[in-house]
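Order of writing sets the labels: A, B, C and D. Residues in every chain begin at 1.
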Amino acid sequence: EEPTKLKIAGILSAGKEAPWETSFVNSMNRVIAAKPHGLDIEVNYTENVYDNAEQVFRTYAQTGEYDILFGDTAYVDAIEALKDEFPETMFVMSGSGNHGLGGNAYWIFIHAHEPAYVMGQFAGKLTKSNVIGAISTFPAEDTNDQINAFFQGARDVNPEVKAKMTFIQSWFDPTKSNEATSAQIAAGADMIYQMSGAFEVCEERQIGCFGNYVDMSKVAPKSIVASTIVKWDPHINWIIDQWWKAKTTDAEFDAPMKPKWFPWSEGSGDLVVNPAWKDKIPADVLALAKKTEEAIKNGEKKIELDMSEPKAE
Amino acid sequence: MLDQLLQASILASIAAATIRIATPLLLAAIGELVAERSGVYNMGVEGMMLMGAFIGYLAAYESGSLWFGVFAAALTGGLMALVFAIMTITLKVEQIVTGLALNLLGAGLSNYWLRAAFAGEGKTPVIPHFSDVPIPGLSELPLVGPILFDQRVLTYLAFLLVPVVWFFLFRTRYGLIVRCAGENPKALDVKGVGVAPVQYAAVIFGGIMAGIGGAFLSVGSAARFVPDMTNGRGWLVIIIVIAGLWRPWPVLVATLAFSLLDALQLQIQGIGLDVPYQLLLMMPYVVAIVALAIRPSRGGAPATLGVPYLRE
Amino acid sequence: MDTTTPARLSVRHLTKSFGQMVANQDISLDILAGELHCLLGENGAGKSTLSSCLYGLYQPDEGEIRIDGAPVDLNSPGDAIRAGIGMVHQHFVLVPTFTVLENIAVGTGSGLSLDRRSALRRIAVICEEYDIPLAPDRLAGDLSVGEQQWVEIVKALYTGARLLILDEPTAVLTPDESRKLFAVIRRLIDDGISVMLISHKMTEVMQSDRVSVLRKGRLVATVKTAEVTRDKLTAMMIGGQPPSAARAQRDTVGSGQVLSVRDLTLSRDGRPALGEVSFDLAAGEILGIAGVSGNGQDDIFECLAGLTTPDSGSIAIEGKALLHASPAEMAGRGVGYVPSDRFRDGLVSDLTIAENLTLGQQWSSRWRKGPLLDRTALDTNAETAIADYAIAAPGPSARCGKLSGGNAQKVILAREFAKARRILLCNQPTRGLDVGAVGFVHRELQRKRDEGCAILLASEELDDLFQLADRIMVMFRGRVMATLDTQAATYEQVGHLMAGQEKQAAAA
Amino acid sequence: MERRREQRPGARFVGLAVALAGALILCSLLFVAAGASPLHAFSALLKGSFGSLRATGETLVKATPLIFTGLAACVAFRARIWNIGAEGQVFAGAMCAFWIQHNLAGFPAAVQLPVIVIASIVGGALYAGIAAVLKTRFSVDEVISTVMLNYIIVYVLSLLLLNGPWSEAGGFFEQTARIDKSAWLPVLLSGTRLHAGFLLALAAAVLVQILLSRTPLGYEIKAAGSNLRALEVQGTNVRRVILVVLLVSGALAGLAGITEVYGVHHRLKAGAIMGYGYTGIIVAILGQLHPAGIVVAAILFGALVNGGTLMQIETGVPSALIYAIEAILLLFFLGGWSACNFRLRRVRHA
C-alpha cells in the first residue's frame, strides 16, 4: 500500500527572511504544489536552528510524525548522533561543512557557480573601470564557489579586470554591507556581486549589482543587472524519490557518501537578467551570455568548481 | 597598497562613510549622555535601538511614511526608557541589570514580532529609505561639500544636536538641574526640585534618541529590518559616552573616531590589503581600550552615576 | 524675648518612626519670630529627624505643623521653601564641580535660561547685608570647609527663608569662624528671621534665646536660656549628672621616642598639602594636633597610616624608617588608626560588628580555622568588645550600618585600640559625638595612654586637646605653626595660630 | 511612597506572586498575539522541558553553562565589580582548553579531562585578569573593558578558526574539527545528553557558597561590595581583592566554555558558547546573587530555552519569544521584589 502523505520538517539555520532560507522555502512550495508521487506534502519549519540542531532534530524525530527532517545547512553532527536511533526517519543535510554518513542520512549540495560565471561575464563586459567586486558574509564553500566563478567569468571576457573582495563577518548586517559597498565603489568597483543582500547603495549610486539566491530585480530595480537563482527543486525531488523508493519497496535507506548536486542543466538554478537593465546591455553581451548558458547546459562548457576563499587583488 | 588608501576619492569615501556610520551612534550617544548626566546609567541602549529599528521599520512599512516610522521608533525608545525609569528610578532596581533585561527584551520581542508580523511570507518586504538631502550651496563646496553636506536629514539632526545639547547642559537652567541630579541629587531635592522627574525626563530623552538611532539603521541606511541589526552598536554607544568624558564635544570626537576606524576597516578590505579582516574589525575596540588606559584625565563621570537616590 | 511674640512655627504632637525605631515621639514646640532657638540632645536624640520633618524631607507619622498659625502640609522641601523655611544640613549638600553661584542658583528661578546676572546680584545683596564673604565664581570643591558653610547659609537665605534651621553648622568651623557665624545669626534675628540651631557645644547653646532639649526622641522641655545653667541643660539632656571632665594631671610623660617624623612633604593635585612637618612622639604621650580641618591633618594621618606616600621626608617607628609602608605593614608595627570619617574609612556598613572588629585582619591565623573564617573566635571577640566598650547593639552579628554614630565609633575604638600596641592615630575621634560619648572616648584615650601607648590626636574641639594632650601642635596650610606645652598654652593663642596669625599668637 | 524598614515575609511573597502573575498574563497576551492558545503553549513548554527523562536531562544541559556564568556574575557583583565580561571569559576558557587539549590527542580521558578543566579555569581567569589589570593599574572602568574584551575575543576566535591554525581541515565553517571522543565530558545518564559538567556546576555552586560565607575572601567580597575604601584603609590590598575576585569570576565563566564544547557540541565554534555570559548575569540576579538561587534560576532558564523548541514545533509560536519571556520574567521579578521594599503612604491632609 502506497503512502499518500508526507510530512517534512524544514530545519532552517536562520530566519525565513534570509535569502538562502527564502530560496529553500520557495522551492519547497513549488514541490508541494507539484505533488510528486501524488503525495500530500506538509512542511513545518523551525528557524534559527543552527547551533541548537541536535535538540531540534531530536524533538522532531521523537514526535514520530515526521518522515523527513530536512536541514538546509551543516547538520552532520546532529544527524550522526541521531540517525541510528531513528532508522525510519530520513535525515537531510545541505552544503559544506558536512560529510557523508550513508544509511538514512542524505547529503545534498547547492552549487550556483554556473549562472554565477555567466554573471561574471556580464560584469567583465560591462565594467568601465575594470574593477569588479564581491561582498559576502563569511567565506564558505557554497558561496566561495559562486564568487570564484563570478570572478573567473569576468576575467575570461576581460583580462584587465581586477577583483575586490569584502567579507562583512556577519550573517546579515545591511548597514555594514552598504558601507562595504561604498568602500568598494570608492576603490573603483562599478560591478559588484552582492551576496550579503543590501542594495541601497547600489541603487543610490546606480552602479551595476548582482543578486543571488532569489531574483533581486524588484528589490533594486535600478542597479540589479542580473541575479542567480538557487533552486532546490531537483534536490528536494530527489530526496522525495529516495524516500518513496524506501517506503514502497523493501529497500532500506541507502544514502550515497558523496554529496548530491545538480547542475544548471537539471534545473538547480537560473539566471535572471533585470528587465530594466536589458536595454542597457549591448546585444553582443547578451548574446555571449546566452551562448555561454547554452554551452554550460548542454555540457560543452565546464565551469570549474573552486571552493577556496576568494581573495581581492 | 597604502598609496591607494591615500587617493582623494578613497579618502572622501572614508570620510563620508565615517559620517554615515557615526549617525546612529551619535544620536544614541547624545541621548545616553543626557541620561548619564542625570545620574542614570542606561545599559539598555542596545535593546532600545533594536526595538526602535524594528518598530521604525514596521511603522514605515505599514504607513508608507518614513517619518512616521522615525516617530514610531522614537515613541518606542521612549516607552522602553519609561519602563527602565520606573524600574530604576522609582523602584530603585539595579541599573546595569535592568539595562541587560531590556536588551534581552528588545532582542526577543523584535525577533518574535518580526516572525509574527511576516509569518508565512518568508521574506520581510523592503521599504523605501531616506535618501541624501544635499544642502544647496554647501554641498557644492569642493572636497568637503559632498562629504559633509550631502547626507540624510537624520545625520544633520544628529550633528546639530551636539551644540544644542551642549548649550542645554551648560547654559540653561534645566541643564544645570540635570547635571545637579547626576552630581548630587540631594542638592536638588533640598531646593524643592524633585529628582525623579528630572531623571525620568533625561532617561526618556535618552530612550527617544536611541529609538531614532535605531530607526536610522532600518529606514535611514538599510530599508529593512533584520534580526539583531544593531549588532552591538548600543554597547558601543555606552563606551563612547565614557570615552567622551560625559561632554558633548568629546563625545562627538569619540563617535567619529570609532566610526572612522570602522570605515577604514571596510575600505582597507575593499582595497584588498591582505590583513585578516578580524584584526581590522577588532581594531576599534583595542584602540578604545588603549585610549582609555592612557588617557590623561579620568574625571568627568557624574558623581552619583548609577546610584539610585533615596532621601534617607 | 517674651512669649507673647507670635509663633513663626508650631509643631504639635509630631511623631516620626523608622520601622520599630521611634525617632521623634509626640513633640510639640514653638519657634517664635525672630528668636534663636536651640535644639539640644545627645547623638541619636532625634534632632536631625525633627529638622528633616520641618523641611519636608520626611513626612511625620502623626502631628501637625503650623506656619504663622496656619496648618501646612510639608510633603517636600519645595513646600517648606514656599512656606519660608530654609535649612543648612548637618552634612554639606553641595556639588563640588559646580561654582558657588551654580550651587546657590540651581533649581531656582524660572524660564529656560540661567540668569546669572540677577543671581549674582541677589547673592551680592545677601552677602553684603549679612557680611558674608563669598566668591561666586569659585568651584565649591575648592573651598575650605568654613567657606562651604557660608555657601550653605547663603543658599538657604537665597530662597527667602524666614525660618532658618541650622543642623550643627559649627561642628566643622574654627572658633573664629563660629564667632563670625554667630554674628551673622544675630543680624538674621534682628531682621526678624527665626533661627533653629542644633549644636552640641554648650557655649553656643548658651547664646540662644530658648532651648528645647530632646532625649530619646521625646521633648524633655523648652526653657529660656537665661533661666538655666549649662549643667542643668546637660542633666536634662542625658537624664542624670554629667561626668566630670576635669583634666587628669599627670606627673610623668613616658620616655623613649616611639614615632619620629621629619620634614614630611606632600603635594596633592599639584597643590602643596604638607610642608616639612616634623615632630616626635614618646610612649605614654598624647600629642594634640589643632587646626581647622583641611590644613594638613588628614594628610599627616594618611601618611602615617600608610595610605599615602609622602613626596619626601622620613617616618620612623622606634628608629626603623618606614616611608613607603602599606596600611597592613603599619598595622603590623602596632599602629592603630581611628579615621575622621568613620562610616567612609572606618567601617563597612554591611558587615557585622564581629566582622568589623577584625577588618583588615581577615587573613590572620587568629581568625581562621584552616582556609575558613573562625566564626566562634570572631563572635567571642565581639562579645568581649561589646561588653568592654558598652556598645549598644543586639549582638555580634548586628550590622554596623544600623549603629548610631557613637556606637559606631566605639566599634572602631575597640578594633584600633587592640591593634595599637605602640601608636594610636586618632583623627577627630569625638566629631559629632554627644557629651556622654565624648566622655567615654576621653577616658579610653587616657587609659590607653597610661598603658604606654603613644597617641597622636587631632581634634577641632579645643576642649579635647586641652583636656587630653600633653603638647599641642598647631597646623596651618600644611605647616606646623608651633608646638606648645598644654600647661602653658591658652585657647586664644591656639585659635590665632590656627588662623595663621603667628605674631598675635606670640604676643598673647 | 517610602522605604520600608522591616520586610514582612508574607508581603514579599504576595509581591512576588503578583509579579509572577503579571509576567504570566503578559506572556499569555504575546502567545495570543502569535495566534496560539496560551494553555497549549505553556503545556508544550512544560512538556518540552520536563516531560520526560530526556527532556529533563536536556533542560539541565542547558542550565549547566548558565550556572557557571551565573556564579561568575555572583562573585563579582557581590563585590560590586561589574564584570560584564563573562561572555568573553567563556570564550577564553573554551579556547584555552581547546588550545591545550588538541595537542593531547591519544592521551587517555583521565589525562585529558582534568587538563581541560584546569585550562578552562586558567583561560577564563586570565582573560578576566586583563580587565582586572586595566582597572587596578590604569583605572579603566571594568564595565567598559569587559564589554570590549567580549568583542575582541570573538574576532580572535574567528581569526583562529577561519583559515587559521584551528580550522577544520578542508572545511570553511568557522569551527574546529570534531573533538575526539576521548575528550568528551562523560554522559551521566544514558538516554540523555546530561554530562559531567552538570555535576561540576553543582560542585562549583557549593564551593562558591562556602567561599562567600565562610572564607576570608568571601569576607573581603562582602566588604568590598559595601565599602571598598574602608577595606583599604584598614590594611587590605584592595587591588589584590579586585584582581582575585575577577580571576575567580573569570575562572567560573571559563568553565562554562568547556561544558558546551566538550559536553554538548564537541567542536569549538562561536555559536556553541555565545550568549551565556549575558544571560548568566540575568540568572545571577534572578537567583538573588545566591548560589542556590542561581542554580534554580539557571534551571528555569534552561527549561524555557529547552521547552521553547517543542513549543515552536507544536504551536508555531516563534522560539524567539522565549527571550522576551525571560526578559519579562526578570523585569517583573525585579520590579516585584523591589516594590516590596516600599509601602504607599497616604498623605494626610490637615
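Here is the rule we use: contacts are C-beta pairs under 8 Å (C-beta built on N, C-alpha and C of every residue); 3 or more make two chains touch, one makes a residue touch a chain.
Source: prediction; values computed, not measured.
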item: Relative to subunit D, chain with the most remote C-alpha centre; value: C
item: Distance from the mean Cα position of subunit D to that of subunit C, given in whole angstrom; value: 46
item: Whole-Å gap separating subunit A and subunit B, where each centre is the average of the chain's CA atoms; value: 36
item: Computed distance of Cα centres, subunit D from subunit B, in Å; value: 28
item: Mean-CA-position distance for subunit C and subunit A (Å); value: 77
item: Residues of subunit B engaged with two or more neighbouring chains; value: 111, 114-115, 227, 278, 281, 312
item: Junction residues of subunit D - those touching two or more other chains; value: 155, 158, 162, 318, 320
item: For subunit C, residues that touch 2 or more chains besides their own; value: 18
item: Every chain pair meeting the contact rule; value: A-B, A-D, B-C, B-D, C-D
item: Parts of subunit D lying in touch with subunit A, wherever the complex brings them together; value: 48, 54, 58, 155, 158, 162-163, 171-175, 178, 193, 264-267, 269, 271-272, 274, 306, 309-310, 312-313, 318-320
item: Residues on subunit A engaged by subunit D in the complex (per definition of touch); value: 9, 44, 46-48, 50-52, 54-56, 58-60, 62-63, 74, 77, 96-97, 138-141, 144, 169, 307, 309
item: Partner subunit C, residues of subunit B touching it in the complex; value: 171-177, 179-180, 183-184, 186-194, 303, 311-312
item: Complex contacts: residues of subunit C adjacent to subunit B; value: 18, 55-58, 76-82, 87, 89, 93-98, 102-103, 105-115, 159
item: Subunit D residues touching subunit B - in the complex, by the definition given at the top; value: 1, 3, 30, 33-35, 82, 84, 134, 138-141, 143-145, 147-149, 151-152, 155-156, 158-159, 162, 278-279, 281-282, 285, 316, 318, 320-328, 330-331, 334-335, 338-339, 341-342
